[in-house]
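Please go over the structures that come below.
Shared chain: chain A. Partners: chain B in the first complex, chain C in the second.
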Partner chain A sequence: MRAVSSEKTTPPVLVFWIAAGWIGFCLFPWYMLEDGLWSFGWLFDGYPFDEDYAPALFLVGQGEKLWLAPLLIPLALPLLVLRRPKSDPAYARILILSGALGIVWIIAQGFGIGIRGFTYDWLTALFGELDDRQYGMGYGAMICATAFLFLFTQGIAARGAINGDVFVVSAIGGVIAIVTAFVFFPIARMLFAAFITEDGAYSIAVFFSKFFDDRLWGLGCLSGTRCGAAWNSLFLAILVGFITTVLGLAFALVVTRSGFRHKRALRALTVLPIITPPFVIGLALILLFGLSGTVSEAVAEAFGIQPTRWLYGLPGVLIAQTLAFTPIAFLVLIGVVEGVSPSMEEAAQTLRANKWQTFRTVSLPLMRPGLANAFLLGFIESMADFGNPLVLGGNFDVLSTEIFFAIVGAQYDQGRAAVLAMVLLFFTLSAFYAQRMWLGKKSYTTVTGKGDAGVHPVMPRGLSIPVHCVVISWALFTVIVYGMIVYGSLVELWGVNNTLTFKHYVTAFSIGMTEHGLHWSGAAWDSFWTTIMIAAIAAPLTAAVGLVTAYLLTRQSFAGKNAFEFGTMLSFAIPGTVIGVSYILAFNVPPIEITGTGIILVISFIFRNMPVGVRAGIASMSQLDRSLDESSLTLGANSWQTFRKVILPLLRPAILAALVYSFVRAMTAISAVIFLVSAEYDMATSYIIGRVENNDYGLAIAYSTTLIFVMLAAVGLLQLLVGRVRIGRRMHHATERPA
Partner chain B sequence: MTGTTLGSKAAPVRFDGVSKVFGKDVVAVDSIDLQVDAGKLVTLLGPSGCGKTTTLRMIAGLEMASSGRILIGDRDVTRLPATDRDVSMVFQSYALFPHMSVLENVMYGLTFSGFVKEEARNRAMQGLDLVGLKGFDTRLPSELSGGQQQRVAVARALVLEPQVLLFDEPLSNLDAKLRRQVREDIRAIQQDLGLTVVYVTHDQEEALAVSDEIVVMRNAAIAQIGTPRQLYDAPNDRFVADFIGEANLLHCEIVSVEGDEATIDIEGYRHRLPARGLPPGPATIAVRPSRLVIGRDEGVPATVAKATYVGVRMEYTLTGGFGQVFAVHDDVDTPLEPGTEVHMGFATRGPVLLPDED
Partner chain C sequence: MKKHTTTLAVSMIALAASVTASQADKLTFYCSAQEDWCQLMARSFEEATGIDVNMTRKSSGETFAQIRAEATNPKGDVWWGGTGDPHLQAAEEGLTMEYVSPMRDELHDWAIAQAESAGNRTIGIYSGALGYGYNTELLASNNLPEPACWEDLLKPEYKGHVQMANPNSSGTAYTTLASMVQIFGEDEGFEFMKGLHANINQYTKSGSAPIRAAGRGENTIGIVFMHDAVAQAVAGFPIQVVAPCEGTGYEIGSMSIIEGARNEEEAKKFYDWALSADSQNLALQVNAFQVPSNKGAQTSDKAPDMSMIKLIDYDFVKYGSSDERKRLLQKWDEDVSTLPQ
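For the complex of A and B:
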């Protein structure tokens, strides 16, 4: 019976998207609204006839924006298929045609006609001067475009792609569309910006002059002056990658191959980078080693030396980044060090190698790919880091901050920002590419599922002692730095007046009572609530996009899957500053004009954090037996029903993790955010940076401390909930078992 | 119970020159033709990697045929995805949804088939009743034993009254004793409801016990199709003879053929048996261990190399000019000692001639 019903009637999904297309065209305001859709002010302000609020149908009906009229053709075409069976070749052909026509036309008119009429000279030459103009597209256009996209994918599915599976084809189409629109399009826009001269023409010469700038590639530091930002970044990233890898390995060895007692405490360090806003460590270092820092003053007093500004520059950034990224290397290397099969080491020992020889000839070589991986991660993180160089950089220019100053500073030079971003992108993408292509196939740490009895041997003594020294002192240093953060937030004025006070917290987070009820009078509340709101909106969307992508990658096979995977993971390697610059360049002008809104922040978070969701999803989905999906399919559920009823419920812990991590990462992000915030939508991190720039350290640190604790609470809640899910199931068993 | 009872809409399955190629050149199934009649239980049997599971998954719609046509009933389903085929499948791992109760598992497919909730529930309860799991409906799969989980999987597939019911090595996760029980249950349900069942296994004894018809597969192709008896008594070639039951394969010489009866010669021993269309000349004779007659006077000279007492019978290994054979004998009271010189003959019924393959 299920087979019969699916052939005769029109699928409801198709009806839905045809209807959505018409609704977008006829009911919703076509253009972006000044006050946003949800204010609903537009409803009473001349809708549906006012030019600013009118849906496309009314615009065309009144003889305005006539270039929207052709959209009626692809909107009307699908009506023809309503009575046709799916197997009719015309069904697929009409849907593909109308979907493609609609999308292409919306894109073409969006790029062709802007705020000054025709965007391109050849259009003016062809059709004459256009007296009209248009702004960024709004909800009407968005709904319409989405409808066309899904009509198109349904047409493709009807032609038999992926066994005619509408859900899978639509999901692939949807992910490709949004990744193209919000990752590839802005990056491409940015690349073009590098070639634009001051009067708007394209020129290679401009690119070269900016590219071979001395501030970028200069080697002055060899002869005593300053080096270019590219060399600085590269040098710093290599140093940070190397040091964090060594430290991370030391930590991993202590945790897995020694009798050290406080292993759990060491493992707790791995949580730190997740919950720490990136510049906070820089701030703490200033409190310790800055001009009026605790240590500086103590040393000055003891030895009678004048404190210097040694911290500002390479040393400071290096220390801060090492502190920040060592836990990441640690996290990676724990897996690697544990993954080396103990039987190999035991085999080596039975072959008469002593502990040191075993470590040097077996353990270490087996870890080599993992070490390279940790190095590359440290390299990428250091390259992309923005907060620490901004706080501690001094005269030590690195790419990520130079990009920022090129675009917000007095120089305001989009082309230079674009060129710098390209160089930065080149470095990180090379590392990313190396990591995937070269290391992907070269891991020796295989977990086979066969029981691997055996114990990792303890480190040789000659190694154990220095490793322990390094680990313990570095762990202590980390604890001191974090202690400083809390302590610093409670001090009146650092280095000048060391009395304890809650003053900064009061300034930031005071709550007053007025006759209207609670009044959030603290200076930080605005940005705090904005951050929470934006992060809360972005988190579920990130998790959703990530999990759907993971589902496609683990459960479906389709042409171009490898490219698809590379594309979706790519945003991991794109530094936040590059995203920030490219978003500003791409979304400041029609057709998508969203700078200054909350939407652009949400979108930037979704695509910055999507790889996290994808990875979480892939990890847990590959643990679900494929036969679960298959049995659901043979029982008559379609792939969407299978995804919703079987896979999603079983992935609950992964979903929760993806939610919390994207939430937390959205709260701590700074690099992309700082380009995208506006007066209306200020985020916590950019507010703090603003305070730092005004030398208001007390407030900045108090605010940071609050953020750390908020995020610690979020992560703790996650642990609790995920734990609960499991316990809950077990208790469920117990109660439901008949006596 | 309500008025509705579970029945079947059993339909035949037909393969017309179906092939499946993975990637560019890995041929998993090579142009097979197959007819499964309605209401019959047909087993796909073969060593691992022979393409039997791929064939099954193509009926289910979990793999799409690279070429050829697949029909279920009168309908061409070659391009239809699993969702739209009226087929259900019992998986090797059972694939019960761990987050749903037994009842929810059994109702799962019904809710997508247009049944109202009440009706779906009734049918699911009937299905559970049928497999003997009444009263287990609120449990979670993890609270059931392996055999019970298996029966839930069967019930879940049964209640949809599919045109074809598929089993993918359903017994391989059960212990030996349970296996016999469950396979008898499956056969009983299939016959009671008149279901069309396609069943994959690599265990020849299981195949012989449950099937109306067995399809022996080898290297992506069908080696032979027949009833259990046909396959056992009249295998087409050495592969089938050896795969279905144990067979001793001996070289022999067909000395004469009269009508459809041939006379063979092994080391001077003459034996008459059906010629099966073979001309005089070298051939192979396949003899089941129980069809070897060990005596003192007539037959091929042989020596007892090994004698093993296994309780119900004696097992002997005989060596001679022909090589080595394996024989069983019901007489456990007067066993032959190793080293005894004997003559080995063939029973009148049982041995079959096969073409020489080399």
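For the complex of A and C:
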């Protein structure tokens, strides 16, 4: 193997990271630039001596920010290993020591010294008042910290971890570092906020008083008043989980086990929830079933009754969420229903079971894991949903909106928001955990490598008729709701003046010609381009992080792998509002100071959508035989080369799926985004909320419709591309939905 | 490969040069009025001064939350618009900066009084009276009488037809609560809120949501600021605006400079400009019917005529303070919101 030749000379990777550390320290501005990451004004503005732009070396050289000086030790240490062979125990020890020292010191000084001198009172007590301050970390600090991290992982690898594979150890280290920084750290920050009293001290009593609040746990609805938000959320989520599972199963049965002719159209419905911006379904429902909705008025006229406000509250939210999440259950269940091997059912029939008995005693039990999966997905999605309760909630308070209003409302109570977020997190994590426990235990495998001829039997008649009725009426309803959305964007003023017009599109997306060329004069262009840009930056990063993680999970075994997997999948169970609040609390102050930038949006999208990339990667990687990697490794490639030249090319469909999915999700996300947008980086969804708030439904719906078509185009493009790059290998339908 | 690096370097330098060339004065502007008004203010100020404006529109509660979260490291420079209470609270907490504008002589007394009550950390830019509006079509189709006073809203026939915002989440609704306490006295005021509670169909989160719902026909009567109701009527919705006969409270929309603003000079320029008659006249272009604070600014003939409305002597200092606010809200939470409807 290659290892033989690299015994004597220093590996180039090591040289690279040692050099990177020095460059970060000596050449790049250490602190965050006020004008943003992409401004280069600093190059001409007093660099390298100006205090704002100086690299750490120049700062220390001028006697400023002397706490950065100790970093020179871990920077210098690795120079000692340059001549040593990898097998020398000192090689590993020095690298580990230098990496660990560097990271620990960067973190310690970053948290210890803020923009008002020492951050903690005990530091002031120990060293006296500090008459200096520092802002958030910039290029230099980032490069340095990264260099230390990879020096550390190379040290670990040199000690023999994972067969001394530098690439795998570094990848694990990198993923752990970013997940810690951008998932665990902000969540921890937020949880601490639950214990802070008004004067800034910590107290358990504060937590308990906020936790045992009647608005959270009250049971008033049993006696005529209102129930707490926690019960409401739980009740709603269970209902939504149950109904979407039943509907999803009905859809899946029709598609796989009946002679229904328009199966493709039904499948197309599954794309809808992914490309629908928030609120749109809620708005369409109001326009149909509200007090002055089209349907309500028609019914009122026909039967001579006064329409009521029945839609606002549990019924409305339930309908909207069922519309939105049924396709998700459908997507999960198609795979499961198809996956049940026909030979099992044929065996049952050969043993003289009738169709109904076969379905009840063989098919249905085999679908159980899928049903559980669909239920829990519906449960989690409903818990985390923010847009529908906001528009249709009425007096029915749920946790996700309560968190939002605890922060932005006149009450402004971060502690309460943190407590509510903890309750919400507890519910979703329990569901997440239950899902993993349930699916982990039993074996439901019926598809084996052996020839699997046979077709699925058709549904028994008694089941087939009601299932068809449900499916056709629900599908029609969905189509009507979406049709209304398009129609709503084309009328002057819904319900008041129904003349058709393109006015709203013109207001939003008009383009004028001036002497300077094209002028994007529409009101929506600004947020539209920002959204496209942020989504386009976030998508490849999300896919990359997701696939590397998936590779580690499926192809490598290492200590703590289960915890690692749980950590990377965790952010799926964290509702967006919680992420938003925690990011605001964690990243507004040094050492990582990125609120108000585009970076924070990109980062929030990466970690919100990463689990999807991971799932997609795992699903397709488990279809690639390990013998491929093994033969590549036997032929002398290292694991990085194997990953790049063997696995990545075979994964193209998964990569594309992850890319488009994260792009589209970034365009429709709202719950976290609403906390993170800023003047410069306004996103489409937060712009739409503004229009809805302003009663400007026409513009809001027109903008949403445009987004739907943009995303449809993205999804269509994906289908086209993936269709082309079919790999010359038989595959099962990769329909496992990211869980 | 080498060719690529050269191109890259050249384009980097070009980019850097263009960035330095275009480096101009800038202002980060937090706006809590309606979107189109915010846009217009930002654009007009850019035209008037050449200063680049970065505008974010969020409700006053959201903006207050943001300024508070950013207190250790302010990102915004000036905060314009939105009801006065959060501005007063921000002043109370030292989140905003003292500034005495040379434009003061041109302002109405109530605008200056607002500034003085907050140690010159904020100033009034417009005012609007509280009232309600109803959807004439829904009222007729339900055969309901036309209300004219606050007391009318307690009549049992309006059950399920009245909407107001939740005082916990909306400044408008808190102003309603505080006004009732000042009009009827504290005990009577809370009795009124209890009676109203029986007729309320929904406590919305946002202050002007009730009248927007009424405009769309999703609700009959909405308790809001009158200028919001007028805006709906002007937009073409069947809304009738009511100035209640017992008299009513009002808000003073305010403006503050954020303490520690990175562009303090530009913020002051904006502040002075926003108090001028010309800039306040911009409100008319976007159907904002508040009363401007500059004596020389025009008012719309569609705007509610402040001289015809019976205004109470609203005590902004007392009812804007955090303690009083907390006490009233807690009382409302415990005594009113828990009652069955």
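Following the convention adopted for this analysis, the second predicted complex is superposed on the first by the 714 of 739 C-alpha atoms of A that agree within 3 Å, B and C clash if a C-alpha of one lies under 4 Å from a C-alpha of the other, contacts with A are read in each partner's own complex, and residues count from 1 in each chain.
FYI, contacts are C-beta pairs under 8 Å (C-beta built on N, C-alpha and C of every residue); 3 or more make two chains touch, one makes a residue touch a chain.
Everything numeric in this text was worked out from a predicted model, so none of it was measured.
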Touching partner for A:N395 - first (chain B), second (chain C), both, neither: second
Chain B versus chain C as contact partner of A:N163, first or second or both or neither: first
Which of chain B and chain C A:T225 touches, first, second, both or neither: second
Partner contacting more residues of chain A (chain B vs chain C): C
Partner chain in contact with A:T507 - chain B first, chain C second, else both or neither: neither
First (chain B), second (chain C), both or neither touched by A:L633: first
Which superposed partner A:Q641 touches (first chain B, second chain C, both, neither): first
Partner chain(s) touched by A:G596 [first = chain B, second = chain C, both, neither]: second
Contact residues of chain A, present in both the chain B and the chain C interface: none
Parts of chain C lying in touch with chain A, wherever the complex brings them together: 12, 15-16, 19-20, 23, 28-30, 34-36, 39, 54-59, 61-62, 64-65, 68-70, 72-73, 75, 85-86, 138, 141-142, 160, 166-171, 174, 201-203, 205-206, 209, 212, 215-219, 232, 235-238, 262, 325, 329, 333, 338-341
Residues of chain B defined as touching chain A within the complex: 60-62, 64, 75, 79-89, 91-93, 95, 97-99, 101, 108-109, 112-114, 135, 138-140, 142-143, 153, 156-157, 160, 166
Contacting residues of chain A [partner chain B, same complex]: 1-3, 5-6, 160, 163-165, 625, 627-628, 630-639, 641, 645-646, 649-650, 732-733, 736-738
Residues of chain A defined as touching chain C within the complex: 34-35, 39-41, 43-45, 114-116, 135, 214-215, 220, 223-225, 286, 290-292, 306, 308-309, 312, 390, 394-395, 401, 405, 407-412, 414, 493-497, 523, 584-585, 588-589, 593, 595-596, 677-680, 682, 690-691, 693-695, 697
